[in-house]
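Each structure below appears as structure tokens.
Each of the two complexes below includes subunit A, the first together with subunit B, the second together with subunit C.
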Partner chain A sequence: MANQQINSGNPRVDLEYRRKKNAEEMRYQVVSFTLMIFLTLVAFAAVAIEGFTAWFTVPFIILLAFVQVVFQLFYFMHMSHKGHEAPSLFLFSGLGFGLVMVLAFMTIVWW
Partner chain B sequence: MHAEEKLTYETWPAEPEKSTLEAKNKFLGFWLFLGGETVLFASLFATYLALKDKVPSADHALAKDLFDLPLTFVATMLLLTSSLTSVYAMYHMKNFNSQKMMLWLGITVLLGLGFLGLEVYEFNHYVHEYHHKFTSSAFGSAFYTLVGFHGAHVTFGLGWILALMIRNYKRGLNLYNAPKFYVASLYWHFIDVVWVFIFTVVYLMGMVG
Partner chain C sequence: MSTYAQKKGFGSVIWDYLTTVDHKKIAILYLIAGGFFFLVGGIEAVFIRIQLAVPNNDFVSAGAFNEIITMHGTTMIFLAAMPLLFAFMNAVMPLQIGARDVAFPFVNALGFWLFFFGGVFLNLSWFLGGAPDAGWTSYASLAIHSKGHGIDFYVLGLQISGIGTLIGGINFLVTIINMRAPGMTYMRMPLFTWATFVSSALILFAFPPLTVGLTLMMFDRMFGSNFFITENGGNTIIWEHLFWIFGHPEVYILVLPAFGIFSDVFSTFSRKRLFGYSSMVFATVLIGFLGFMVWAHHMFTTGLGPVANAIFSVATMAIGVPTGIKIFNWLLTMWGGSVKFTTPMYWAFAFIPSFVIGGVTGVMLASAAADYQYHDSYFVVAHFHYVIVGGVVFAVFAATHFYWPKIFGTMLNEKLGKITFWLFFIGFHMTFFVQHFLGLWGMPRRVFTFLPGQGFEMSNLISSIGAAFMSAGVIVLLINVIVTSVKNEKVGNDPWGDGRTLEWSIPSPPPFYNFKQLPLVRGLDPYWLEKMEGKKGMTPAEPLGDIHMPNASFIPFVIAFGLFVAAFGALYNGEKSWAVPVIIIGLLITFGSMLVRSLKDDHGFHIHKEELMDDNDKGVKA
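Up next is the complex of A and B:
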């Protein structure tokens, strides 16, 4: 799905190819949106339906959130396209620092 | 290509958001900013998780007393859909269709306003019904800082997109403003990324207990 620059030497053909590519990518976006809605529904249902213990529900909904964020980043924010090496470095180092921070606060802060 | 070049449907580049030096710089700089925002929101999440339900006395409302599943669900759907509509806007930007881009951005703004309205209602409800205020407990401070900061981002994002729409309404697309629209849409998606964690960590986990 990399959005590469194409060059056949014929501008008309290139243009049509690109429009098709864009339309095809938009279909993928709609599919990922549908999946995101589905993941959201599952997460809300897991909480709404009685009978699951917190030991199951909490890790489960956090996992769903991470999956949904991957869709958001890689499809909606185009991180699956090439030319996103630096953005990946920035975002994932931010996320790395962030996770350490969450871990630290949850273990050393008490009231 | 340079920013002020007059372009047509045929000469519009495949990646207008990265086709000039200025655009490339914007793109890179904005992602660096989003990396920083990730750290910022992570620290607010860390604070919230550490201080969740930490209240001075038993008469204070806890997370499980406050949150309402249907309201959070509607807000989530509004924001998630607005993320898709801004993808549609960028699709039309790539196809050099300024009017359709504006239409989808307009829908995005309306959905964002709906979300913001629900949040205002929600905060108002907590303050008046539950006396859950910013200064009433460590839990209150952490909650309003995290969720309120996200709400402030939504507000800023709406102002940003609206400003771009008004400024460029009659100009149409060029390589000067296309990267601006692209970056604003990245910001909007990022707001949705943060919301995914907020509805999971704050609301759903809050209701689980």
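Up next is the complex of A and C:
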């Protein structure tokens, strides 16, 4: 772009700031990735271990799946960052409309 | 650029339009294609009214009548109203937000060609063994048993044109979110841009259910599945839900841009800021939101049960509130304004009472208990024609006259415009007002004829005469277009003299890069603001620099053409030996050209600063 804004005359400042930011970001990525692997193992375990009824297993792994989706969206797809307001608005309203339809189908079509 | 002055051959003009990615030229393509389908749908409407003009008429057979009503509805909604509104969105929205084009010009062209080929495919059914005949809603219980290929044409044609609409909507969303000029905050966007934004969001969420429904229908009809076939454990009601989950937002997709057009027309010709701007934005968003929660009001008599009916009934009535906010805001915009009665203002003025009648009958229909009486009668026909013709078609006429100078650089004749208005306005009320009473007297909709002595003769005859008036109005508009184009008197930036928004600050038609320098927006109605401070144009927000532009491309046409070919294969699958190879060839054309697009780098080109400065010296304004 022809008209770029420069905040500081010293390019080092920007670089150091970005390096720090990236390191922080990397830490979040690693932590959430570890957590996701762990949650997946828990989900497998919940199914594999005998003694749990389906009434426990099914809601439990759906809950874990929901947590995974949040990790995926906010840490891996950077939705926690600034400037993602519009995508998250559309994502969540789409989710909302979709769930209303599912609810309607569950209650008035397949009852 | 100097290319504008060059005289171009007919072939090169055609090639230019086949390959264009410029939003203004795509708008013209949408206008021509949508206008053509509007005439086709109009001729079908005239056939319907001729058939019903007198009792026991045999102008068309019962079967042909079913095909005509189906194609009238489908054509008018999908191939006329939507593309015509897309034409104005394409032509005006990027100018209103101060952008040089939409976010994805290539995708914009692709959207048009998909719509176009889908529409052509659907209409080819007339020549290839019969059009669809299960109504525009194509309820599965009827459509599955329809003989011939009519419904297959419906399913495949709408699928293709639906993809075009969907990617068009996404394109508008991205454009409005990302490409607003410096200072153009969300709450400074003109109402037409807001309406484009909300209705694009509705397209984004409403078209996928239609795509799913059409796909299931396609599999049921062409590949032997049983989604909607009750004998084999399917559920035919699911189609109705999927169709209306799409279909109800669809009517808001149509009417919100109409509201946007009228908002801009009202404020321009009342020469006053739109009354209650923020409440207008709020109402637009709220209507969009509520539009998703009411689809089952089309299915009150399906047997959803009293609880579901009550919920959807109340939700439907709630939509009357934001719509009422809008009506009062328009009235108060005119109140105390210095109103100028131009042709667009005639349409806007007539829109208010016409649309309110449609809204009132809408609330009547929303009452589930009463709906058992109105359902499937001419009362419903009268209601939706009042909202769609009185809202959307009036808006399309208003916008045609209002934006014609911005799109083509010439003014439509005002006198002929007003003749169009009076003919159409009188014809419209004559045709549809009596239909309320026909419905209440017991005439069912979608019947191909009626018997004498039931009290329907006089009203049906009046209705048919009204249709003749409407046709005359459209013919006068066509004459107006021809006369104006032949005269070809060019006009300046702001031919109405009262332009408020950014599109009126640049030449008509705008140069292909729209804004030489992006304008600085200092408030709502930015151009009006500058004019009131005695300035001639917008203050630039950036120094003069190189402008990056996309290259023209023939690939969108080829991608859409491939799907068109594949659709013929799918249609004759299992009947003709060439069906499967044709599907494969068609998909190869589509995916092959997508591959070419992906692998070949196309960086566009730059208009250099020097070329832009050259114009400056000749006294051409940015």
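Keep in mind that, in the parts below, the second predicted complex is superposed on the first by the 95 of 111 C-alpha atoms of A that agree within 3 Å, B and C clash if a C-alpha of one lies under 4 Å from a C-alpha of the other, contacts with A are read in each partner's own complex, and residues count from 1 in each chain.
Criterion: a residue touches a chain if its C-beta (ideal position, glycine included) is under 8 Å from a C-beta of that chain, and two chains touch if they have at least 3 such contacts.
Here the structure is a predicted model, which is why all the values come from computation and not from measurement.
When the two complexes are overlaid on their common chain A, residue A:Leu91 makes contact with subunit B while staying clear of subunit C.
By the touch criterion defined above, A:Ile37 lies against subunit B but remains apart from subunit C after alignment on the C-alpha atoms of chain A. When the two structures are aligned on the shared chain, A:Val109 is found in touch with subunit B and with subunit C.
Of the two partner chains placed around the shared chain by superposition, neither subunit B nor subunit C is touched by A:Ala45.
Look at A:Met101: by the touch rule set out above, it reaches both subunit B and subunit C. Between subunit B and subunit C, B touches the greater number of residues of subunit A. Put simply, subunit A uses residues 3, 86, 90, 93-94, 97, 101, 104-105, 109 to touch subunit B in one complex and subunit C in the other.
The touching residues of subunit A, counted against subunit B in their complex, run 3, 5-6, 11, 15, 18-19, 22, 25-26, 29-30, 33, 36-37, 40, 43-44, 46-48, 54, 57-58, 61-62, 64-65, 68-69, 72-73, 76-77, 83, 86-87, 90-91, 93-95, 97-99, 101-102, 104-106, 109, 111.
Per the touch definition, subunit A reaches subunit C in the complex via residues 2-3, 86, 90, 93-94, 97, 100-101, 104-105, 107-110. Residues 173, 177, 201, 204-205, 209, 235, 237-238, 241, 245, 292-293, 296, 304-305, 308, 542-543, 545-546 of subunit C touch subunit A in their complex.
Of all the residues in subunit B, the ones that touch subunit A in their complex are 9-10, 14-15, 18, 27-28, 31-32, 34-39, 41-43, 45-47, 49-51, 54, 69, 72-73, 76-77, 80, 83-84, 87-88, 91, 94-95, 138, 186, 189-190, 192-193, 196-197, 199-201, 204-205, 207-209.
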